[in-house]
Amino acid sequence: MPPAGIWIDGLIQSCAYMTMAFGMVLVFSILGILNWTHGQFYMLGAFVVYYAITAVGIPFPLGLLAAGVLVAGLSILVKKIIIDHITGDLYVGVATMGLIFFFEGAASMIFGMQDKGLARVLPGVVDLGSFSVSYQKIAVVSFTLVIMIILFIMLNFTRIGLAIRATAQQPDAASLYGVSVERLSLTVMGIGCGLAAMAGGIIAPLYTINPFIGGIPMIMSLLAIVIGGLGSLTGAIVGGLILGFLNSVVAYHLSYLSEVVLFMLVVIILLVRPQGLFGASVK
Amino acid sequence: MSFLELNQVTKTFGKLAALEDIDLQVNKGEILGIVGPNGSGKTTLINIISGYFRPTKGEILFNGKKISGLRPDRIASRGIVRTFQSNVLFEGTTVIESMLISAYQQYKTNHWQSFFNTRAWKQENEEVVGRVIELIKLLDLLNDTFLPADGLSHGYQRLLGIAMAMITNPSVLLLDEPTTGMNHEEAMFVVDKIKMLREQGVTIILIEHNMKVLMGVVDRVVVLNFGTKIAEGKPEVVMNKQEVIEAYLGTELI
Amino acid sequence: MMTYIDYKDVVPKAVIGLVVLLILLVPIITTNESTLSILILSGIWAIAVMGFTLVLRTGQFSLGQAAFMAIGGYTSAILTAQMGWSFWPAFLLAGLVSGLAAFLVGMVVLRVGGIYFSIITLSLCEVIRIVAQQWESVTRGARGLITAQPNPIPLGFFEINFFSSTVPYFYLTVCLVAFTALVFWRIGESRLGRSFAGVALNPVLAEHQGMYLMKYRVIAFTVAGVFTGLAGSLYAHFLTVLTPTMLGLWQSIQILIMSIVGGIGSLVGGPIIGSILLYTFGSYLTRLDIYGIQQLLFGAVVVLVLLFLPKGTGLVDLWGRFWTKVIWREKEFEMDEAEE
Amino acid sequence: MKKWIIIWAALFITVLTFGLASAQNEPIIIKVGMPTVLSGPAAPWGQVGMDPYHAWIDLFNKEGFKVGGKTYNFKLITVDDKNTPEGGAAAAKQLIYSDGCKFLAGHWTWNFPSVATVANQAKVILLTRTGNEAVPGGVYDPKKFPYVVFANDSMGQYIADHLAIVEAYPKYKKIGILDCVIGKGPAADITVAALNKAGIRFVQEWFPFGTQDLTPYITRFKEAGCDIVYIAGWVGETMAFAKQRWEMGFKDMKVGHSGPFVSVDMYLAVSGKDAAQGLIGQYWTSWEFKKTKVNPKYIKMCKEVQEIVSKKQGKPFNYTGWVGWLPNHLLILSQAMQKAGTVDDTDAIMKVIRGGTFDTTIGKWTMSGAKTYGSPIVFGCPAALSVIKGDKEVYLSEHPTKPLP
């Protein structure tokens, strides 16, 4: 049995991937596109939080909110300017791949390439005898819980949330709730990418911030939603949990071989259940 | 021995039985109508014959050989080809392209001959294009030959679907509600075309919800309800059977 | 979803001939090894991109094409560096091994469609990279394999020496690109290639018209695998070194971007134009020393191409439009009417 | 009409004469190409050296160097190699064939075998950073690569770093060695053997590329009883490691990385002020070497460069990694040119370099020739370590590099 520290660590990882994957799957299920730029929104979120705290001097939770709002605005711009003008899922996918380079380049030019850190946000640890947990990690978990609760309430009790869920099941159901498809997809793009940015912002104090941190979370959340089943919101959460614990618990036992386990697991899951764990059956 | 034969075919989804112990004989050259109210298992039946679903129980014989359990493409290449209820097309292609894509399956020249552009391939290609044009003429699609298929009107898209099935030289054609969503005139137009196809020597199984359409076309009709066969015979006879009227009770009959 | 345009009827044959002649004369026009090297590498990528486009023709969106380059590259690198084979048999075997791998993998994974297939190939690509990294006794792990140069070919009065200059590599690459282009063009023209459209556009309908989806998908995947493997072998030998990180996920994405930007309307023209233009552009960008601007411009170009040349028509469409605005369908229509 | 032509011609001739006359006094430029990484995730390591390199070359060029009565200056041309062998080869070819560089310096990334091949084919001297079998992608058959000069022997360096740690903390229990798995391969055999031979107690671990969360590895090291963890060159990971071990409560576990500190502020910002205390890094700043003797002229120059760059960037510049590489390459090159009496005969210059002794910013070095570690030419540099104290970087220990038996 791995020590408690490893399980806590797995939980932290899961939280990050869950939030990312949830946003990604929201965008996928409403807009029908796979947003490859998701990781770059994560990176931009981290930068917004960094500059909000160091340059502007606003408190961390507000910075987090600012990251969500700003990046949501940016993603809506991206949708309006680029995604709306390209037809075909494949081509939109490739365009968002092009945007990976664009945003990484832009971030390198604007923010510089060297690592930045936010260790002074919520410093200190809680000592729990055999192991300790930092306030930052507690913040990550509680933030994720809050976000998940807010999303749950939104998806189940608000008009737009119901419209989102209905549209995810059936493409033209939005009109039943009196919401225009255009407005719905803009909202979802904003929420999804804002989630990525907030994930970036909340995780940023734990690790380093540079223009290239988006790549790995992007791949991980992609794998998470594919394992969980594309289009399934539950699947994204479960996929995030699986990958988070895989990355810590398996790494604890097998060290670097966790990478192999990860990819083989993805291949096997998809061969056995091509629609993912929670995806709707194809036939 | 009949041409196409279904022996006690059952299909269940979970606990729900979509089809139960269906026995069916289709004779060569006839037009067989299959009718039934919504949810009676008509489309499931086509899906089973064409290989989209495997029957849970029972077997399907074609020319005395078992075809149940085969892949759809195997069944299609044996000569049982279906159309779809909704307008299922090769999106983005023109009418002639769609037809050719389907036609490529029935070439006698092999892939290598086609790869090396041999004379045999060229010749056959010309022949096939000729046949495609003929069929297009027959189904009144000539003016639309080079138009995108998805730009056609609803009725013509249906006809294109039928044409694409016909170009593969089927011996049995399964038509899944070819007239849904059409007004009476359009439906009759399609039905006329179906009658014409019969002259090409193809056996047709016509699935319909609307009995009116069937009356003038079919030789025989089978009525399904809740996955079981409730009547079979000449259309005029079947229509007056008590079970059939009951099955259709509350829905529009004739 | 996509329309297939055959530009061979659109662009005058004389122009194509001239372009081919110009390409053949490049080593005489310029002796700059740097330019030649850029052309060689874009040619090598063009082969991989053609392979990707062929697989895309069957509706499968592979994110693991770089893995087949890696398989081909490692096969010939291991054979030459570790087992002392000479280049030519190793090169051919690289194509075969990669094709075999594509066939075996394809038999298992091609039945999964859509984005799931992309993710599986992506994962397999990473698995191949990890294997190359870990299997040190054979691949020398991260240290990489130093590949051998092809032996000089004596031709009576002079010999083709691959070590002293890049010109022989240039012609070898041109030959391989030309051969690949020829094979792919014929596949596209033949009944096989045209049937791919059915498989891609509507698998369910195609299956019910009698097409065995797996057959077409596996054929496309295997053919692409063979040529991608050959390209990988050439890549490894031209760069003289092969390390596991050289052919991974990002290279697969690069192949995909080249394909879409070049245009998937044509199996041959689009990939070649896309890879040459994007590769040259990328090489030009390396001269800029404003940090980050390389990626920014590259991304911007990709997005702009997709915005202004939509639906995968890509750069090859510009080439076509340059010559005529008549697309082949209309032309053929007139022809058919004339026949009647 | 004619008048105008005469006036133009006169002007032209005047300009030409003045131009030629001034060109007589102008030093002749020798182009040195540097393929380096300027884009992608590894770009910071290419970028951080740019300013000091240019500043150093400017300083060097004030005096220039004389060969055969003419004054020569260096000019540095950089091309992005995208951190791939493919990009490296392409960059090297551009530099050699398009810019006409006769000398290449650098390629700090691992992927330089392809650069070495290109340089070798073109008979261009490549002065590079590391080189032996232990380095990923190691080339180094002197017969195959006669034009490659290695700045320092990375394996010797690697071992010496660990010996320096041991010197600083003689009571250590076990050293944990952490590296990214994409660099696995070398250490599996040669390094392990060498470390064992040097009598160092150690445990090795590998993490997959891109791992930011190192908790599993920290736990594994702790369970193996390591009290010092030394991370091979991954600065971001080192900072994360330092932070995470602090948060897990393993405050007495010492952390370090091979490679110099980029900027102390960065470590303090990422790891946190407390967690960053005691971080160990390599120390290249020649002016504080205690066992190695350096020409005071170079110490002055290096200090000046630090100041120039600080002024240019508008913040204190305390990265010292640049001292070890390019300046030494150029010093070796200029001295070898002077000895050989030629600036373009690469064969003659190479002959002088082989086995010659040169004065560099890290002391006098005799090029060991073709006998060590399978690499053609190697010169070492002392393994000096520093440690973060407060918000400053201070000298920790030093272990001179010696050729391994």
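All chains are identified by letter, namely A, B, C and D, in their written order; residue positions are counted from 1 within each chain.
As a convention for this text, contacts are C-beta pairs under 8 Å (C-beta built on N, C-alpha and C of every residue); 3 or more make two chains touch, one makes a residue touch a chain.
What you see is a predicted model; the values in this text were computed from it and never measured.
In the absence of chain C, the touching network of the other chains comes apart as A, D | B.
Comparing the centres of all chains, each the average of its CA atoms, the largest separation from chain B belongs to D. Per-chain Cα centroids separate chain A from chain C by 33 Å.
With centres set at the average Cα position, the gap from chain A to chain D is 38 Å. Note: centroid distance chain A to chain B, computed from Cα atoms, is 47 Å. In chain C, the residues that touch at least two other chains are 1-2, 134, 291-292, 294-295.
Chain contacts: chain D has residues 39-40, 43, 47, 181, 184 touching two or more partner chains. With touch defined as above, residues shared between interfaces to two or more other chains in chain A number as follows: 105, 108, 113, 259. Chain pairs that touch, as defined above: A-C, A-D, B-C, C-D. In the complex of the two chains, the chain D residues touching chain C come out as 38-40, 43, 47, 50, 78-82, 84-87, 89-91, 93-94, 96-98, 110-111, 113-114, 117, 121-122, 133, 135-139, 181-186, 188. Residue ranges on chain A touching chain D, taken from their complex, read 2-3, 5-6, 9, 12-13, 105, 108, 113-120, 123, 125, 127, 131-134, 136-137, 206-208, 210, 212-213, 215-216, 247-249, 251-252, 255-256, 258-259. Note for the complex: chain C touches chain D at residues 32-35, 37-38, 41, 133-134, 136, 140-144, 146, 163-164, 235, 239-246, 283, 285-289, 291-292, 294-295. The touching residues of chain B, when paired with chain C in their complex, are 50, 52, 71-74, 76-77, 81-82, 84, 88-94, 97, 100-102, 104-107, 109, 111, 114-117, 121, 145-146, 164-165, 168. Put simply, chain A touches chain C in their complex at residues 34, 82, 85-88, 90-91, 94-95, 97-109, 112-113, 211, 219, 222-223, 226, 230, 259-260, 263-264, 266-267, 270-271, 274-276.
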